[in-house]
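Next come two complexes, and both contain chain A; in the first it sits with chain B, in the second with chain C.
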Partner chain A sequence: MRLVSSFVWVLLATTLFILLSPIIVPLTVAFSEREVISFPPTGFTLKWFYNAFKFKSLVDGFKLSLYIGFAASSIAMALSLPASYALFKYSFKGKSIIENIFLAPSLMPEIVLSYLLLIYLIAFARFPGSLALLLGHILIITPYAMRYVYASLVNLSKEIEEAAVSLGAHPVRAFLDVVVPNVKNGLVAGFITSFVVSFNAFSISLFLSYGAMPLPIAMWNYLQVRYDPTIAALSCMLILFTVTLTIIARRIVSLRGV
Partner chain B sequence: MSTLELVNITHYYTKQNPVLRDLSLQVNRGELLALLGESGSGKTTILKIIAGFLKPQRGRVLIDGEDCTNTPPHKRGVGIVFQNYALFPHMTVLGNIIYGLKVRGVSKFEAAKIAMDLLERLDIRDLADRYPSQLSGGQQQRVAIARALAIRPKILLMDEPLSNIDPKLRSRVRTEIKKIQREFEITTIYVTHDQDDAFEIGNRIAILHDGRIEKVDTPMNILLNPETSYVASFIGYENIMPISRFKEHFKSLSKVLERKAEEGYSHVGIRAINLKLSDRELNNEEEIISVKGRIVLKAYRKDHVRNIVETSIATLEVHTPEDHFKEGDTVYIIINKKDLVFLK
Partner chain C sequence: MEKEVRIKASITQLIPFFLLLPLLTLVFVLLFGSVIYVLASSSHSIAVSMLEVLPSSYFISAYITTLKVGLMVVLLSAILSYPLAVYGRFVNFKVERLLSVVVFIPLMINPLIRAFGWMIILGREGVLNSILMYFHIITHPLSILYTENAVVLGLLELFFPFMYLSLYSSLENIPEEYILAAQSLGAGTLRVFLDIILPLSITGLATGASIIMAGCAAAFVTPSILGGLKVKTLSVLLREYVDIFLDWNVATVIALVILATTLLIIGVINLVKKLVMRW
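Entry: the complex of A and B
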């Protein structure tokens, strides 16, 4: 028994190592004093972290990614709430097909979607670059937003609004009193998740950004010319940033066991 | 205590296929009326019309004689206990019960007093601070009842209240609902598709069929005189056969049967528990007739044996307390004439 259980522990540790080492090991170079990326790191410094803030393209990229993430997530939520509510409230022919379209983020590879949008929005419709970029982000994150909002509605009884109305609440009040509180967590969690997805989206940003560059593209461009550990330092910060957001989203969702 | 009256209600989603056709129904003050119908018979539509969530294409809804067909649901004062209870998951039991009072502007103190009194009377005082997800089905149901009663509704609607209750507990829950209904003296419509449910709970039973109320009466009267073959078969008459088949076989009955046929009756019904089996023919022209048959199948229930007997009239089901005969035995089915029920 003992042997088996220690074997299981070894397996677990190995798996964890395989999963995490490719992330953690290269990040150590972010603290390395040498100008080029090398392993093992030598010395200890935080200068690459400062350096990341010195480059205008990276700082601007970070800001742009924040703006786009915020705007796209807000719009995605605004689309998801009514769509989820309609799916929750009414049954109709083809409902499950629509559900699947809304809820399957991986329905289309991001690169394909990016390419199609490039043709459609920029070549055909001649949208200005920033608008195309925003639209592209909305398109890829809406399924994530939908997923959270709809999931928080699905477990709700369809009759709770009618119950509130029968108890004397005006229909608008019933919606605010009994539906909104139950989707609130889904809305917040959906917002954070879609923000993170938008923030990390690469190919859609690569295809649709003309002029202004979101952070992933700015990082990519930086790497084409320089080989110092600045991007590693930035990566450390980004991991911390998105992990924090994701943990917050998870916590919010699990509070109510949605 | 209020009265409820549905007058000539017609409702359809598609014109060719009305759900309710010219339906009328009267519910008396303080009565517990069981509305019995198969699934798809329009029970839910009736509930929604009474509650005000649906406006019928034709007809009126009267509460205490007052026309409220156009009153919106939140002003109607009709309490509903939903099939799945529809408790507000983000509110405690107390919050759920108080909600209706809160939206009506009752003061917090007053509302809490009413709620605590209800919790006490329904014996769920300990649950006040729990959330619905922490309650059993039966407890949720009590909370749903308390929530509906808190607003002192004129009418209480209960939609299939036992469908989420363990079958073993159903009889007990029925008794409890009956007690609560009596104690609060509230006019109640109890919707169900289950005849046992309807018979056990209702002061009267209204049987819904084909968009109309096929029959309204006390359980006993419906059982003794179902009137139509639909009602008879729905409430569990095992044996229903055309009068003509009967007439061919029982010459002694031909006069009576002919007269009944002229009055518009087409079928004869008899309950399986009213039939007996014997190994000898028994014919006393006054009261008893018998028919020869063969037992083709036997099945055991807790309190009787089901015998399926093939006879020249029809295949009849006979329930006997004893188990005297084997499958394949030739037997005589003894029919008491007074147990025959004529059906339209």
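Entry: the complex of A and C
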């Protein structure tokens, strides 16, 4: 039995190392004084954090990622709310087919989807790059938005809305005054999650960005040319940013079993 | 009057349709539209390049690399997560409490940052080599970065959580009474494992394996950063044909192969799961 448990502890240590070391290591390197990434880090400096703001491509990429994430999540949520409401409230033929269609973007490998959209939207339909990028992001975050909105509707009992209608409220009024406030938390959490997915998305941005580059692509390009602690410093800030957002989303709504 | 009522009733029936329409149109036009457009507009040139690409050595070697890397990741993540999940479920609940938190941390962080972290760890003057040299375990730095092993490690970090979570959820569904019953009838630990735990958790293993294989076939950032110029998986090859060689006929063939492989893996594993459930 002791042999078994020491075997398990070895596996646990290995797993924790594999899962956490690539996250912890950039954090330590970011404060190192040497120009080249080296280990163990020497000295303590914040200059790489300043440096990250000096590169226009990185700053512009951050702004673009914020805009795209914000716009794509807003649109995805605005479209997911009525669609989930229809799936939740009404029963009709072909409902399961429609549910599967909404899940389809997550079954398609992102890199394939990105390439197909490049041919279809940019080469064939001649969409401007920014519009194609936005549409691509909306498409990949739709399954996440739907999942959160639908889950928060399921938790709501159908009776409250029916009660409002039977007391004389117009259905639209009942929806806005009764349903929306009750699923508000789910909507906020869904928005944050969609934003983080869009903010971190890589392939879709790589294939659909012409000219203006979202942050992950700008970082990728930077890494191909330079290997200094700037990207480590930027990584620190981004880890803090996305982890905080995700924890807020988890706090607002717990999605166990959905 | 009656007519008015009927019209009103049919309008009411259309409400769900109107609510679904915007999102349905978007997904349909973009997702299915792009697939149909690509297949319809260039079916002839796709067929021609398919005959040229599929037997070529660069394609076959990329395909084999992708499968090999995927299988290694499945194997390693199963070896790591199976004992941990079983131990956490039946022996020491603290292990599960720890892992259920830790497993979600990487999922919040951009895969690009995690691949960059591996670069710092595995590089010639990286963390791993510095530590091994410091303790005189090796005299020359190992070259791990830009090899298949680096890609396997990076993808293992990316996909381990999915294997663990699907294994644990299948173990969670095994009632403890089954095990107590077997033990009271005299079954030893090994017997309990082979006859109860293993058969009842095989679907979790299959789900995890299919998510990982499909994920490895489609992953791009991790193999492109950790594999350098040497390790070419299908998705790395696809991007080269789009951006560097500018040969979109070949790129289309590669994209379709990735898609077909992914769907095939998901299909086969679902079939296996169904057969196992019936049996």
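Quick notes on this structure:
Rule of thumb we're sticking to: the second predicted complex is superposed on the first by the 228 of 258 C-alpha atoms of A that agree within 3 Å, B and C clash if a C-alpha of one lies under 4 Å from a C-alpha of the other, contacts with A are read in each partner's own complex, and residues count from 1 in each chain.
Definition applied: contacts are C-beta pairs under 8 Å (C-beta built on N, C-alpha and C of every residue); 3 or more make two chains touch, one makes a residue touch a chain.
This is a predicted model, so every value here is computed, not measured.
By the touch criterion defined above, A:L12 lies against chain C but remains apart from chain B after alignment on the C-alpha atoms of chain A. In the superposed pair of complexes, A:N182 makes contact with chain B only, with no contact to chain C. By the touch criterion defined above, A:S235 reaches chain C but does not reach chain B. By the touch criterion stated above, A:E35 is placed in contact with neither chain B nor chain C. In the superposed model, A:Y90 makes contact with chain C only, not with chain B. Partner contacting the larger number of chain A residues, of chain B and chain C: C. When the two structures are aligned on the shared chain, A:L118 is found in touch with chain C, with no touch to chain B. In the superposition on chain A, A:G168 contacts chain B only, with no contact to chain C.
Across the superposed pair, chain B and chain C touch chain A at no common residue.
Against chain B, in their complex, chain A makes its touches with residues 155-160, 162-171, 173-174, 177-178, 181-182, 256-257.
Chain B contributes residues 51, 53, 73-80, 82-90, 99-100, 103-104, 133, 147-148, 150-151 to its touches with chain A in the complex.
Those residues of chain A lying in contact with chain C across their complex are 4-5, 7-8, 11-12, 14-16, 18-26, 29, 37-40, 79-80, 82-83, 85-87, 89-90, 92, 98, 101-102, 104-105, 107-113, 115-121, 123-124, 135-136, 138-139, 142, 146, 196, 199-200, 202-203, 206-207, 216, 219-220, 223, 227, 231-232, 235, 238-239, 242-243, 246-247.
Within the complex formed with chain A, the chain C residues making contact are 15-17, 19-20, 22-24, 26-28, 30-31, 33-35, 37-38, 41, 80-81, 83-84, 87, 91-92, 95, 98-99, 102-103, 105-106, 108-121, 123, 125-127, 130, 153-154, 156-157, 160-161, 214, 217-218, 220-221, 225, 235, 238-239, 242, 248, 251-252, 255-256, 258-259, 262-263, 266.
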